[in-house]
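Next come the structures, one after another.
You will see two complexes here that share subunit A, one where it goes with subunit B and one where it goes with subunit C.
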Partner chain A sequence: MSKKEMPFKKKSRGREIWRLFRKNKPAMIGLAIFAVILLVMIFADVIVDESLCYSFTGMPLEKPSAEHLFGTDNLGRDLFARVIHGSRVSIFLGIAATVAPLAIGAFIGAVCGYFGGWLDNVIMRLFDLIASIPGMLLLLAMVTAMGVGMENLLWAMIITGVPGYARFVRATVINLTDLEYIQCARSYGTNNFIIILRHILPNALGPIIIMMASSVSGTILACAGFSFLGFGVQQPTAEWGAIVSASKPFMRQAPYYTIIPGLAIVVTAMSINLMGDGLRDALDPRLKD
Partner chain B sequence: MLKYAIKRFLLIIPIILGVTVIVFTIINIIPGDPAQRILGVGASEEQIRELNHRLGYDRPFIERLFNYVRDIVTRFDFGSSYQNGDSVVYKIRLNFPYTLKLTVLQVIAYAVIGVTLGVLSAVKQYSALDNVVRVVSVSLAAFPGFWVYMIAILLFSLKLGWLPSSGVESWKGYVLPVACSAILASAGLQRLTRTTMLESIRQDFVRTARAKGCAEGTVIWRHAFLNAMLPVLNQVGISFGMMLGGTVIAETVFAMPGLGSVIVNAIQSKDVPVVMGCSIFLAVIFCVIVVLLDLASAAVDPRVKAKFVKQ
Partner chain C sequence: MKDTKANAAAIDVRDLYVEYRTDDAVVRAVNGISFRLEKGRTLGLVGETGAGKTTTALALMRLLPDRVSHVAGGEIYIRGDDVMALPDRTMNLIRGEIISMIFQDPMTALNPIMTVGDQIKESLKIHNSEKRSEREIDARVDEVLELVGIPAERKKDYPLAFSGGMKQRIVIAIALACSPDILIADEPTTALDVTIQAQVLALIDELKQKLGTALLMITHDLGIVVKTCDDVAVMYAGQIVEYGSVQQIFSPGDHHPYTEGLFGAIPNVRSKARRLTPIEGLMPDPTALPEGCKFSPRCPKCMEICRTQEPAESERDGHRLKCHLFGGEAHE
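Right after this comes the complex of A and B.
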């Protein structure tokens, strides 16, 4: 018997998603802006030397000029350097504080959803309880316990984030566990963890990616907000929320000092949101409104 | 229905206990010496031991947890501040009314803006208004609250001089924090209202209402909206609880009194009992709101009621 040609060319899933994504104009704009921001992040040292973030090169509160593109802060540090290098801290923090709890939550959620039983019950009741405390209060409590600082903020975001993500992934996994192909794999005697890793998680990946894409910008805002309150990234480290916070007493003399770092947050968050919406529409067209 | 209500209310007790235990555990289980943290690096070992003993930190964790819960249950005593010895309950009583007032105003504004825009953009789907509202509401999700507050101060207080930039002496002090947070938060509610309304508008009973000659306003508000209201009402209730815990940033930026400011100050001065008491208080209120919402949904919607109340 000769090998029969497939009548249709099989499209890879990745390429199909990219095709749908590319047609979405706002999403492409978001992608372009975010690409620029990523380049700025990566080549921050080439654009402007990091030492300028911390050296007092100008007079306090100089207006934007050719020498200091964004002006200087109240201590005479170059605001351009601080905003450019601040991108590294702010965006890294936002992405890390989304991906880490999501990965941990996905693992716990998948295991709970797949095995069920008393362990699932105990963990989920505990997570229900944690989720019944408003996130802001939980974060404040964690900061009280561990002290302020960027590393502690990251830990706090992980611990407060895990329950929500775990419940979300668990719900997705429970729907998959009953499907025939999983039962089939079970009947072959496949190892449970291989079923979770090879058969369940890849099929739950769509919703997980959508969840991630829609959380990143919120997390960036939350982290900046915490640094703004003085509980996250500490001075003199350049971070957008912390810079806005430091500008507060000088709003009248130097409005640009408040406006510019905030705009950096808004542009970043908006580009990520546009991309996230595009990704959601491409991965799951049913959710499109 | 009464039985269900009683059962639901009794269920709050373990939730409140659980929330208390979790917050207490989070704050207390982290290794480190509380007295060391309060006194700083310069303190002698003698001083640290003495303070730890006075605050009860030399006793085992379980015993402290038990004492803490017992004091709350039997005497409604949340402990007292490290700084000045004021009881936490006194601080809550002094500051909570401000936070509550701010939150209630925020929620009213939030609900009015979100629901009105949501219904309008659902009724006029794909119109210019709908498109503008949708673009604005998607964009709003990218604006950090603290920055919007500051830009509003910059514009309306410092440039135009219309409104005060801080304080609550007159009603004017509430305008900026309420307006900014309501507008930012209403984006989500607007989207939810739009989606549920779009579903509701396409139901058969709406067509029937039109066919029997109801005025368009009656069709939209009395028939379509009332049936789409449940998820919206739930969202408003949840947001109320969230905003209660989230006034921290508004209170900080606008230098307003309230529980949020108390918590921020307490964290800065490492005043653990105050943070713990205020957080537990707000978290418990949030849980009670959620239960009340469940009951309200069951009371107004027979479909929900049927799920819980066995005939």
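Right after this comes the complex of A and C.
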């Protein structure tokens, strides 16, 4: 597979998926919203200076006004700046906590599914053990043990996330392993490593992408939730979950303080969900016309 | 390696047993078969579905799914090398370069998300002992595609863009890419239209002449056997019940009742018979093979001894028969 031919391949397959995706209205709305959120995230520094997140520019709990678009928080910091810059941490955390366990899980799952045998057995039983503890509880226990903070939250999300992804990919790979084209590839001398990398994983990519698309929003919600509970991102870092958490005591005096960052979480999660559904429909061959 | 083993047969199988294991049953798919395939010759492996033909082929390539199946006994030599004893790395080098296989179903034998050119190229890159450059490999891909009658510019297409017959040609092209010494063709025409069948057979024959490849032709079509093979092995329930040259098998004389049954079940233009005579019954359940001769429950000439004692093999001029009717005390 030379590098020259890669763009050709991606284009033709991608175009077909795009055509199907485009027909799906909710998915396109989701894409549009998410595109705006991404732009805001990327150009956060252009929109509003990051230092405003941490400087006390107003009175505590000011109502939204021209000066402070979203009002101010209980310490007089500009909520607009905090929500805009909070998108970076929230979305990065959501994506990282999905992609990292997925990549690790996919690799482990593919190896287990392809080779089987005792290694598969040992790893799967270990994962069963992890999966038998309620996810929330395990996460809380781990974060408590390792200490609260964004990095530890990420690690905890990886450890609790890997078993599920690994099992999912393993099941997909087992179905593929017995297919004739895998046997055919082996019949001309391809070694196991190349078979997994070039023949099995690319063919399992459809379901993996669907799985990923549908879990990013869940992960964003979970991360925000943990920050809300105080186990994740800590003050004064601007993060949506943490902002909502800080707003708790002031919900009655300043409802906007809770509602605006909460809305940001909900809208982001929903737009990703809509996109994920659209992607699933576009990738699922049974729904192809 | 090639020179010292110059005299060895291309394939030499001795008393091979293969089993499939499930939780509650052991399926005896291959039960003690032996055959030799010499260089440049063609051996036809004939039998009904489930006779163990494909299992034999996979065992030769050491491609049996090792989760469920294993070689339970016997030896396999490919050009003098003991296949069972070779390390995986060496086996990977042998597969494709020395022995390769044309798969039965072209619809599923190609990776749907790789261009056909890339799939042919993959094999060439693995077996690049001549240190060919990227450009030379590309040239070889074109050459192989042209060889099987597919325009080289179509190498950038995905399998879905090809018809069944063309896919089969591509499967053949992959098998031939590294000019293997031995080719296993596992029912290469079963999935194809009759018109394409003739083309593919002609192609295989032409390549055999051109490259001097030893060919193991697995089929259930006796017409193909007579057209392409030098020798024939008739398989039933995992055993070779009759073995001989095409002439020996296709001329009248002593034959295993199963072979006679096979011939009775194909239409003959000249025959006055209105109906075909099918072989009664079905292949025995491989988890519970009958005692004695495996064919005895369906055999029209079944004798008392057939039900209790497994027949020994008798041989005359290289014509081997595994039947109580011939050889031993029953023969005279």
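The working rule: the second predicted complex is superposed on the first by the 273 of 289 C-alpha atoms of A that agree within 3 Å, B and C clash if a C-alpha of one lies under 4 Å from a C-alpha of the other, contacts with A are read in each partner's own complex, and residues count from 1 in each chain.
By our rule, a contact is a pair of C-beta atoms (placed from the backbone, for glycine too) under 8 Å apart; a residue touches a chain by one contact, two chains touch by 3 or more.
As the structure is a prediction and not an experimental result, all values here were calculated from the model.
*Asks:* Based on the superposed arrangement around subunit A, label subunit B with subunit C as either clash or fit.
*Replies:* Overlaying the two complexes on subunit A (C-alpha atoms) leaves subunit C and subunit B fitting together cleanly.
*Asks:* Touch test for A:248: subunit B only (first), subunit C only (second), both, or neither?
*Replies:* first
*Asks:* Please indicate which partner A:144 is in contact with in the superposed arrangement: first for subunit B, second for subunit C, both, or neither.
*Replies:* first
*Asks:* Name the chain, either subunit B or subunit C, that contacts more residues of subunit A.
*Replies:* It is B that touches the greater number of subunit A residues.
*Asks:* Look at A:217 in the shared chain and tell me whether it touches subunit B only, subunit C only, both, or neither; answer first, second, both or neither.
*Replies:* In the superposition, A:217 touches subunit B alone.
*Asks:* Can A:134 be said to touch subunit B (first), subunit C (second), both, or neither?
*Replies:* Touch status of A:134: first partner only.
*Asks:* Superposed on chain A, how close does subunit B come to subunit C by Cα atoms? Whole Å, please.
*Replies:* Minimum over all C-alpha pairs: 12 Å.
*Asks:* Touching subunit A in the complex: which residues of subunit B?
*Replies:* Checking each residue of subunit B against subunit A gives 15, 18-19, 22-23, 26-30, 37, 138-139, 141-147, 150-151, 153-154, 158, 191, 194-195, 241-242, 244-246, 248-249, 252-253, 263-264, 266-268, 270, 272, 275-276, 279, 282-283, 286-287, 290.
*Asks:* Would you pull the subunit A residues touching subunit B in the complex into a rising list?
*Replies:* Interface residues on subunit A, with respect to subunit B: 129-130, 132-138, 140-148, 159, 217-218, 221, 224-225, 228-231, 241, 244-245, 247-248, 251-252, 255, 258-259, 262, 265-267, 269-270, 273-274, 277, 289.
*Asks:* Okay, in this complex, where on subunit A does subunit C touch?
*Replies:* Listed in rising order, the residues of subunit A that touch subunit C are 1-2, 5, 8-9, 12-13, 116-117, 178-181, 183-191, 194, 198-199, 202-203.
*Asks:* Given the complex with subunit A, which residues does subunit C contribute to the contact?
*Replies:* Those residues of subunit C that touch subunit A are 58, 61, 63, 65, 67, 88-89, 92-97, 100-101, 103-105, 108-115, 117-119, 121-123, 126-127, 134, 156, 158, 171, 174-175, 177-178.
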